[in-house]
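Next up: the structures, one after another.
Below, chain A partners chain B and then partners chain C, in two separate complexes.
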Partner chain A sequence: MSRLYVARNPRVAARSLDGEMMIMSGRDSTLFTLNKTATILWQAADGATPLDEIVSTKICGEFQVEPAEALQDAETLARELADHGILQISEQPISLTTTGESR
Partner chain B sequence: MSGLLEQMTERALAKNIPLSVQLDLTYRCNERCVHCYLDHDDHGEMTTSEIKHLLDEMADAGVFILTLSGGEIFLRKDFFEILEYARWRRQFCVKLKTNAIMVREREAARLREIGVESIQISIYSHRPEVHDGITLVPGSLQRSLDAAKFLKSQGLRVIFANVLMVQNLQDYQGVRALADELGVECTLDPTITPMMDGDRSILSLGVDHNALQKVFRDQGLVGDVEEFCTIAAPGDENSLAALPCSASHTACYVSPYGDVFPCVQFPLPTGNVRKERFLDIWRYSDQMNDVRSIRLKDLTTCTSCTHVTSCTRCPGLAFMEGNMRGPSSQDCQKSFARTGVPSANMLAKKRTAANLVQIRVLPSTENAPASGAIA
Partner chain C sequence: MLPPTVEAERLNVVIDIGGMPVRLNTTDASFLEMLQERYSGYVGSSSGNSAVEFDVELVSRGTRSFDADLQVTRLQDSWVIERGDFYAQWEPSTRRGRIRQVASPYSSDALLRIVHTLVLAEMGGFLLHSASAIRNGKAFLFAGVSEAGKTTISRLAPPDVTLLTDEISYVRKQGERYIAFGTPFTGELAKLGENVSAPVETLYLLAKGPENRIEPVSSGQASRSLLANLLFFAEDEELVQRIFHSAFEFVSRVPVKRLTFVPDARVWELIG
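Then we have the complex of A and B:
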């Protein structure tokens, strides 16, 4: 099974407010807030760490959930965030630059 | 304000987080607007590295919405470097205020690439002779409108900001029509701000009571006129515990020289980021905390005013009149024009003026010479 990689979209505006991420889409200025799980996923989405590894190291321990179930939920969440232009997902590692472009 | 942003603002307020900051990058300008409250000299602007350091401090303090303004922001040669840093390195939601006369296709494309939430452009009239007469730069309306088209063609959000004054009183509907034609948003503000050095002479550019009344009854501007002009219910304990505005609560202003103020329209110095950390000024400045402590129930005169809960009272304008807890006469005039009911401040001034009258009316004399006649 192929692994999924996730990366923060550098085109969004983002700030942590009291432990939760506040994110404004660069596409249409829609404002989102991420709950605790989604915030962990966002912060760990460096494009290099596979999603299953993020889930097992950052989410399962924190929320005491089964890895398979957690991974399925995380994939659904990642795809939703990607639909809103907040995350990028790929089956290959994603290289982020500091100039707002991803490769 | 959207529901979610309102919720975020509530949380920022509870946690004493400065969610929104206006940073003026320069007071230098390529226009000379007759109503402008700034001088246009450079008294020692922050350098690029000082500004980047400030952006780091502001991001760490929780600032999310960053408005870059001036002066004219595009006069800074490092403008795009600063903007890139704010967006890509520190992920601010950036709004720009500009006259846009230096924005051509290339700059518009660059702004699109970097990503900004909105670009607010000052447009005072749809007629060049009126707009250019206010900016004192021939051809400025055409250049600003060309820029708006370039920005719009890049899919960017453009807002026309119009200030209502005697010179352009007849033109606000023309500006709105122009905005509609270009598919951009439009705002109208009848407030004239005194000069930062305290000179109040430019206030004479403000429109009079009759003109304000007319504007406040323009359905196209205010929506439901009856609702807009309704006199608010008297303030109760809860409503009087409300905050006057966001200044010092979730927002503040930083000048090109690093001075921090509660708001761009509130020239009370609270500290300087060249000497102290931004967050320390925000949290511990006595002046910032003084402004923060004010509730509607603490206001002199206004607490007993009919309009206390619905007034647009600006504490900064009140400060410039001499008392940040006192009334702001311009807002008294707005409440009066809106509802037809004079404010407590206006009534108090009338009483004081009556007490000052020293001239007695003479008893009438039937055979007195007509006024102006030489006896």
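Then we have the complex of A and C:
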């Protein structure tokens, strides 16, 4: 089974405030507030770390869930975020050149 | 011998909102008069400098749908602002542009709002869906969606309060501070705000309720509410990022609180 890579879309604006990650799409100005899991995924989405590694190192420990179940949930979440244009997903590593994120 | 050329007289009006004078050049005296009346209190000296200047050409409605959706897009070095009743092109580097529009105050109003949002976005400021008023030399903003109480709280203001707007607030960043200016953009009150300004003291998020009270809100909630109430029209990633970060900057410098109120004048005992 191929591995999945995720990367923050550099065309969105993002800020973390009081533990909440807020993201605004540069495409249509839609504002998203990420929950804790999605925030971890967003912050770890560097395009180089495979999703399963993000899940095992960042999510399983935090939420004490089974790796297989956590990976399935993370894949669903990553695809949802990609549908909104705020994450990029690929079966190859993704070059993360610029980002609108700050703080 | 050629007949003498008749050249229409060039007229202009300077509409000074938020200390950002916009000059509109026209050859139509009745259109000029309409603008002078509509923006009474905001008409600046026609010999003074302007931050932005437009040549206005008046057109009939033509074949385009009057209700066509608004589009604000960047085209190379220019902004193109287009709706059924107007088309404008504006070059920020020269601060000059041209407008083709129907002779309606609503078209002029919409264009002015959009141009101001574009200019303000570059400077860390914004237009906000909120009432605003000055009391004791300090400006207070009252943000909320339709029916949240913007017009109500404006109507309840006591005599020592100077109303800046009951609908759209004009906020500029000056150094470390934010300054609220009066605007001619009115809501249900249909009364132009006073053309004065003051430093912003507090942004209140309005809600109607059974009693008057002020409560703190988290920075996240404050930012979300501010972003939800910003007027922003451009489909442009760079500008979206800029206004997004401007909202967070504002929240980091200006207290944001929730103001729940019953619709009577006692709410103003809590403000100022």
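Simple rule for what comes next: the second predicted complex is superposed on the first by the 98 of 103 C-alpha atoms of A that agree within 3 Å, B and C clash if a C-alpha of one lies under 4 Å from a C-alpha of the other, contacts with A are read in each partner's own complex, and residues count from 1 in each chain.
Here is the rule we use: a residue touches a chain if its C-beta (ideal position, glycine included) is under 8 Å from a C-beta of that chain, and two chains touch if they have at least 3 such contacts.
Every value quoted in this text rests on a predicted model; they were computed, and no experiment measured them.
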| item | value |
| --- | --- |
| Touched partner set for A:G26, first chain B, second chain C, both or neither | both |
| Touching partner for A:G85 - first (chain B), second (chain C), both, neither | neither |
| Touching partner for A:P50 - first (chain B), second (chain C), both, neither | neither |
| Shared chain A contacts, counted only where both chain B and chain C touch the same residue | 11, 13, 15, 17-18, 22, 24, 26, 29, 31, 33, 100 |
| List of chain A residues in touch with chain C within their complex | 11, 13, 15, 17-18, 20, 22, 24-29, 31, 33, 100, 102 |
| List of chain C residues in touch with chain A within their complex | 218-220, 223-224, 227-228, 232, 235-238, 240-241, 244-245, 248 |
| Residues of chain A that touch chain B when the two form their complex | 10-18, 22, 24, 26, 29, 31-33, 98-100 |
| Partner chain A, residues of chain B touching it in the complex | 2, 4-5, 7-8, 11-12, 15, 17, 19, 59, 62-64, 84, 87-89, 91-94, 113-115, 117-118, 157 |
